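Across the two complexes that follow, subunit A remains constant while its partner is subunit B and subsequently subunit C.
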Partner chain A sequence: MMSYDGTDQVIFPAGAATQTSAAEAAQGVWDAVIVGGGMAGSIVAEQLGQAGYRVLILEAGPGKDMDLAEYESYLSRFYGAVVKDNQSPYPFNPNARMPRSTDTMPVDPNTPRDDFYLVQQDKYCTDTTFTRVLGGTSMHWEGKALRMLPEDFDLRTKYNQGLNWPLNYDDLEPYYRKAEAELGVAAEVEDQAYLGMHFPKGYVFPMHRMPLSYLDQTVARGVDGMRVNLADDEYTLQVRSFPQARNGVPNAAYDGGKGFVPVGAVSTSQVEEGERCQGNTNCVPLCPVQAKYHSGKTLAKALRKGNVKIVTQAVASKVEINDHNQRVAGITFKKYESLGSEKYTEYTVEGAVYILCAHAIENARLMLASGMQDMSRSKLIGRNLMDHAYLLTWGLLPEPAGTMRGTTCTGGITDLRGGRFRATQAGFGVDIHNDGWGWATGSPYTDLVELVDRQGLRGRDLRRTLGNQISRQLLLAFMIDLLPDRNNTVTVDERYKDALGNLKPVVSFKIPPYTMKGAAFARKLATDIFEKLGAEDRTTYDQNSYSAVEYEGQWYNIVGGNHLAGTHIMGTDPANSVVDRDQHSWDHDNLYLVGPGSMPSIGTSNISLTMAALAFRSAAHIVKYLRAAKAPAVVRS
Partner chain B sequence: MTQTTDAENNLDEFVKFSAAVTGFSEFDLWGTGQAEEYYKTVLNQEGPEAIRKVIASDPSAVPSDPVVNSIIKLWYVGVWYGPELVGRMDVAAWTAPGRSGAKPAVPDDSRPEESRSLLATSGRLQDGEDRAHGEVERKPLFVVSPDAYTEGLLWRAIGAHPSGAKAPGYGSWVNPPVFED
Partner chain C sequence: MSVSESEPAPDPKIKTIEELYDYLYKGLQLEHATLPPYLTALYSLRPGTNSDARHVIRVVAVEEMLHLTLVANVLNAVGGKPDLTKPGFVPNYPTRLPCGPDYFDVHLRPFSREALDTFLKIEKPPEAATEQDRFVPMDWAALGLTSDGAPPPPEKLAQLEESGTLFGLVPGEPSKRFASIGEFYEEIIRGINHLEDQARQAGKTIFTGDPARQVTPEYFYSGGGDVIEVTGRDSAVAALTLVAEQGEGLYGGIYDSQDELAHYYRFQQLEKGRYYQKGDEPNEPSGPILHVDWDAVYPVKPDIKMVDLSRDPEILAAAAEFNQFYATFLTNINLAYNGQPDLLLKAVWEMFRMRDSMNRLVRNPLTGHAGKNAGPTFEL
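Let's turn to the complex of A and B:
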């Protein structure tokens, strides 16, 4: 184990999540107050803590220490849950609710109901989610850790689409490396140097690539070398391994030959677990052994410093603004007693700088609920909501391919992430799903019901048919770019409140034609790939579903990617953006908004690695800000 | 040697019948450690008369008493799908481990109003440490216990392991699948 301050890196200091009372926090003198103990918040806290600043984290989620027993309780809850969606391991919490894909349906304002968190009133609804527990959505993320392409940062200039970033790939590259170290990314540079992605000479990833599954290899036999014509260019496809924030075999050449020591399971005492992926095929909703990075690994480091504290079960309800100078004067939060009780006490905490790290939807919700849109020069808080549009396609391979083994996804096709075709249609990445048709159809349980109840199979016949049928499943998930659109929004509405009286997020999200053109192309490509593989295409779309989208006379189902972004985009001036390139608010001098909400586009990479890189970059700027800040933190009397 | 009780006899008969309908040996079934729990589940849900009738029936009969279907699915995935849920693909989809409850291939019209209430109930169950084994009331849908999930026979039938448990080890996924049977 890597030593950290002389002790184990993964030891979560016992009592750290409960020892700071809300009252003490409210009376404390803080350099930085961070809202949200997920990936961005943990990274910023750790970096500021390391620089010697007094940091307070407010976490809305439930409040015990991160220890193995609690983690095991998540696992046990998942095993025992009737509905095993991607929030199923986490406790129902009326005081800090989470969207669940099973709650996805249009809400009629005239019919009072409370069985949902994300309020959606349109015919099309997204089943996207995020998680509100200590560790945030990193508890349930899949762990893919792709960099964005250089061309993703200036889509507007290159392809006259979307928005340019106020940063480019080279600005972010050193921070990508920091993020890859923190998250523990397993990949090979030789696989990842495509479509312009470049790495400093001699760079290697912390760990070697996850081996491609037998299913990937089966697909590669048909796909490798396949040619595709798109907008006058020809592309050659290949199956490539994805970089993953998941422990594998350390690369001895890492860091100039110093090597890398994987970070295992977090607990209050040392446990021998999580040092290498075991192939649980359960990255989402929970890696049973913590081989997958979750931000508890960073949080444990942060809290080991005496100067970083956390208050859990503390839902930020208002950003207090000084009317005279537009500076943030404090964060008001509701500290609730337990998950079973709606009793809470309200406190306000003050610091020299405030950093909202509550993810795209919650950051926007909190700011809107605080009336900050009125003070925003761009009026873009909550606008440009983005998420990857997922189109699922599935087929039955001619031979068993070992489906339902491995990590959720080890390989895919990334050659169509970038190119000149992006002037007219969205790029995409293709995931080969090691967990079969589950996402699309509910397999393998639906296969069981089909064979037992509808086909009347019994005994050995049933057993063999199941094995033969499920092991041949191939699901290709197309993760399609979705550009910023001002009309895709998070808002708040007084009619919708949670148990603590906080406003629920109201989401309106439509899939734009640019994305659907990519989806239509993806559907055709899937047909070609299935044909090459001799697979029987089993894809069907339901036009009556809330995920149905019509494009050029065809119906598709577009499901959410849980890659929420864009609600406080960064840009070059206060009129075109909410934050600057350092994620510093244009309108409030002592406020930073750190998280995927700052991203002006999401390209075709899962957002977490880029969010982590941005968090490292902003942390460095916040340190500079704090050094320069004249006014010391003020204690409220 | 202790005297064999009626209860033990019934349990033996239940396992024997279960072996015939699932395609796994009695040895396999006892090995899951779930036999008693499953027997109790069927007994509590359907009553002694129904279970006697089922055990006495021809295991190869198709279509069978829907309770037989419930018993097969119980052994395969550890979920009690009451006989009234026979053939319900939507219910099967929600209960499967997976990323999303919104399965595009499950038509919305297969989610009648009463299934909404099943869903809502299970959503609440999340917070509940009460796993509700169905001992106190009749319930159409529940996971018998966390262990019942990980002991599901389905995963063995498909040459894999339960999603999230009994991991086969780093890199094991590289090789072709091996089926026990």
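Let's turn to the complex of A and C:
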């Protein structure tokens, strides 16, 4: 086990989640105050902590240490839950609510109701989610860790679509490597060097790729070599393995032959678990052994140094702004007593620099609730909300193909992520789901109900039929690019408040035609692939669902990807963006907004790796900022 | 190791490469022999309870697999061939391990204070103070194996030596035995040094094994501790030292050379109700509190045998299936140690099957054994 400051890398200091009182935190001035203990917040905290700064993290979630007992309580709640959605491991918390996909339905603006956290008033509603517990959305993410394509950074220039980034692939490349080390990415360069993605000579990923599942190989037999014509270009498809932030076989050639030591389960004592994926096929929401990265692995390192502290059950409610110089003067938060009580005490903490890392929707919500749009020159806070649009297609293969084996998703088709067709329609990646039709139909539970209640099967027959049916299920999930659109928004509305009186996020999100053109193409492609595989197409779309979208006379269901981004996009000047390329606020000198909200586009890669790379990059800038602003404090241990 | 290196090394017991193979085979047998007791205790814990105990036992069990692999690597490196499929390789429990002047019995038992006590004994053999203390006279009468204390007749002795139910015997010297397992490994290290010195004088080496037979780190599903690829004397000594010290800690400390909490102290945490943390002294853990629920355990009948299941045909069939599975599992591990290391990756999910199979057995009460449940018999 690799040592970190003389202790195990994965030891979470016992009591760290509760030992700093809110009152203590509110005394004096911290070097940095971070809102949110998820992936971005943990990375920034750890980096600033390493640089010797005194850092305070405010976390809205429950005040429990990240120990194995807590993690296992999440797991056992998940195992016992009837509906196993992304949030099912977590206890209901009225004081820091989170959206649940199962809650999704439009709220009538004339008769407002407070049943759900995410307020939506349109006919189309997104069932997207993010998680508000210590560790943030890394406590439910799947663990795919794709880089963005070089062309994703220049969409406007290349294809006259979307927005350019103020950064390019090469600017971010070194930070991608840092993120791949921190998250522990398993992949091979030979698989990932496509559509212009490049790596420094000799680079290898920390761990070898996860093997393609038998299902992937089955699909590959039909797909590999398949040709697709699109906008005058021909593309050849193949099944490719995805890079994953999940422990595999370490690559001995990593870091010039030093190798890589996988980071296992986090706890307050040495547990030695999760150094390898065991193929539980239960990656989402939680890996049973913590072989999948979650930001507790970074947070544990950060908290152990002693100069990084955390206050939990602390919901940031207002960013205090000095009216004279527009600088942030403090963060006001509500420290609630328990999940079962709405009692709270309000405190304000001060720092030399403030970093909002609460994810796209919460960062925007907090700033809007603090009246910061009035001070914004771009007026873009909460605008350009993005998420990947997912179109699900599913079919029944002629033979058992091992569905339910392997991790949730090991391979897919990535050849249509980029290309000239993006001038007119969205690119997409295709996930081959090793967990069957679950996402689309509720399988295997729905299969069971069908076989028992409708077909009257039991005993051996039931077991055989169920096994045979499920192991033939093929779900292709198309993850479709969705460009920034000012009218996709997060706002706040005085009518909608949570238990602590904080304004809830109101979301208005529509799927643009550019994306739907990609979806329509994806639907046709799925038909072709099913035909090649001899699979029976079982896809149906419900036009009465909240997720129904009509495009050229056809109805589709577009579901959320939980890849929320874009509510405080980065750009080249204060008029076209909320932050600069370093995620530094244009309007408030001592404020950074670090997270996917800064991304001006999301391309066709799951956002976490890029967000992590951006967090590393910004952390380096914040260190420079702090160095200029003040001499580092002496850290007493 | 327990005896200081400054003492003059006496004549090593291992004088030929064949003797070294024999010792290393016994090492394999010994490392494996702890697995069934650990697994039985582990899976006797009621699901959803005793998380702390579960993780502690699980880590030690995984590391016993590591030890098995390390010994196999040494054996392969010196040109031997591991064989986990020989008759008698798996003990007919209870088996006996040496502990200073006494032997102690190792039973297949559900998790309990007695089981924990045995585990502590397994992992921390008493240290020999002097060269003479490394061996103790063999009291055959005390073990009930002969009436007069003299060694059994050669045929019976050979059978006992092969059976895996009596560890620590000094091959060829039935009147004495090693004081502890640590001394047994110390003897192997001395033997390797002796044989390698001899070989080098003749311009040769004993490390003639095919490197492709080594299990390298990428093939071992680590639970803590890393596989050492054995290519020569230094790596062989490092591997065997890790096997010996991972149980009891290094230089009297609570951690081993790979910064893993030693097995003895892992188990002791369950006794003390507290986790160790960095900087702690032996016997004084100061980390987070842990909880053991001694009652949340299936009452598996100790040292259960197939004959105990005769009145429960369905359990009998499940137990037979388990034993068959276990035999296949050992066969696969054996193939992994004989040139197909990638088979170890498959062993990961085979362990899940084993868990499911054991879970099924331990939930079932036995007919005619009031208050006792079934369990795996490990009769192959």
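One rule holds for everything that comes next: the second predicted complex is superposed on the first by the 623 of 637 C-alpha atoms of A that agree within 3 Å, B and C clash if a C-alpha of one lies under 4 Å from a C-alpha of the other, contacts with A are read in each partner's own complex, and residues count from 1 in each chain.
Note that a contact is a pair of C-beta atoms (placed from the backbone, for glycine too) under 8 Å apart; a residue touches a chain by one contact, two chains touch by 3 or more.
Note that the structure is predicted; figures quoted are calculated from it, not measured.
Visitor: Under the stated touch criterion, which partner chain does A:I470 make contact with: subunit B (first), subunit C (second), both, or neither?
Guide: first
Visitor: Is A:P400 in contact with subunit B, with subunit C, with both, or with neither (first, second, both, neither)?
Guide: The first partner, subunit B, only.
Visitor: In the superposed arrangement, does A:Q583 touch subunit B (first), subunit C (second), both or neither?
Guide: Touch status of A:Q583: no partner.
Visitor: Classify the contacts of A:T137 with the two partner chains as first (subunit B alone), second (subunit C alone), both, or neither.
Guide: neither
Visitor: A:R276 in the overlay: touching subunit B, subunit C, both, or neither? Say first, second, both or neither.
Guide: both
Visitor: Which of the two partners, first being subunit B and second being subunit C, lies in contact with A:S76: first, second, both, or neither?
Guide: Both partners, subunit B and subunit C.
Visitor: If we overlay the two complexes on their shared chain A, which of subunit B and subunit C does A:T446 touch? Say first, second, both or neither.
Guide: Only subunit B is touched by A:T446; subunit C is not.
Visitor: Which chain, subunit B or subunit C, is in touch with more residues of subunit A?
Guide: Comparing subunit B with subunit C, the partner touching more subunit A residues is B.
Visitor: Should A:S378 be classified as contacting the first partner (subunit B), the second (subunit C), both, or neither?
Guide: A:S378 sits against neither subunit B nor subunit C.
Visitor: Go through the superposed model and pick first if A:N93 touches only subunit B, second if only subunit C, both, or neither.
Guide: It touches subunit B, and subunit C stays clear.
Visitor: Name the residues of subunit A shared by its contacts with subunit B and its contacts with subunit C.
Guide: 76, 249, 276, 278-279
Visitor: Within their complex, state which residues of subunit A touch subunit C.
Guide: 1, 3, 6-8, 11, 14, 67-69, 72, 76, 208, 249-250, 252, 268-273, 275-276, 278-279
Visitor: Quick one: which bits of subunit C touch subunit A in the complex? Just the residue numbers, please.
Guide: Those in contact with subunit A are residues 48, 51-52, 55, 58-59, 62, 217-218, 221-224, 258-261, 269, 275-278, 287-288, 290, 348-349, 352.
Visitor: Contact residues on subunit B for subunit A in the complex?
Guide: Residues in contact with subunit A: 20-24, 59-60, 62-64, 69, 72-73, 76-77, 79, 81, 86-89, 91-109, 118-127, 131, 141-143, 145-147, 149-150, 153-155, 157-161, 163-165, 167-177, 179, 181.
Visitor: Could you pull out which subunit A residues touch subunit B in their complex?
Guide: It comes out as residues 75-88, 90-93, 100-104, 115, 127, 211-215, 217, 248-249, 276-282, 284-286, 288-289, 339-340, 392, 394, 400-407, 410, 434-435, 437-446, 448-450, 452-454, 456, 458-464, 466-467, 470-471, 540-542, 544-547, 557, 559-560.
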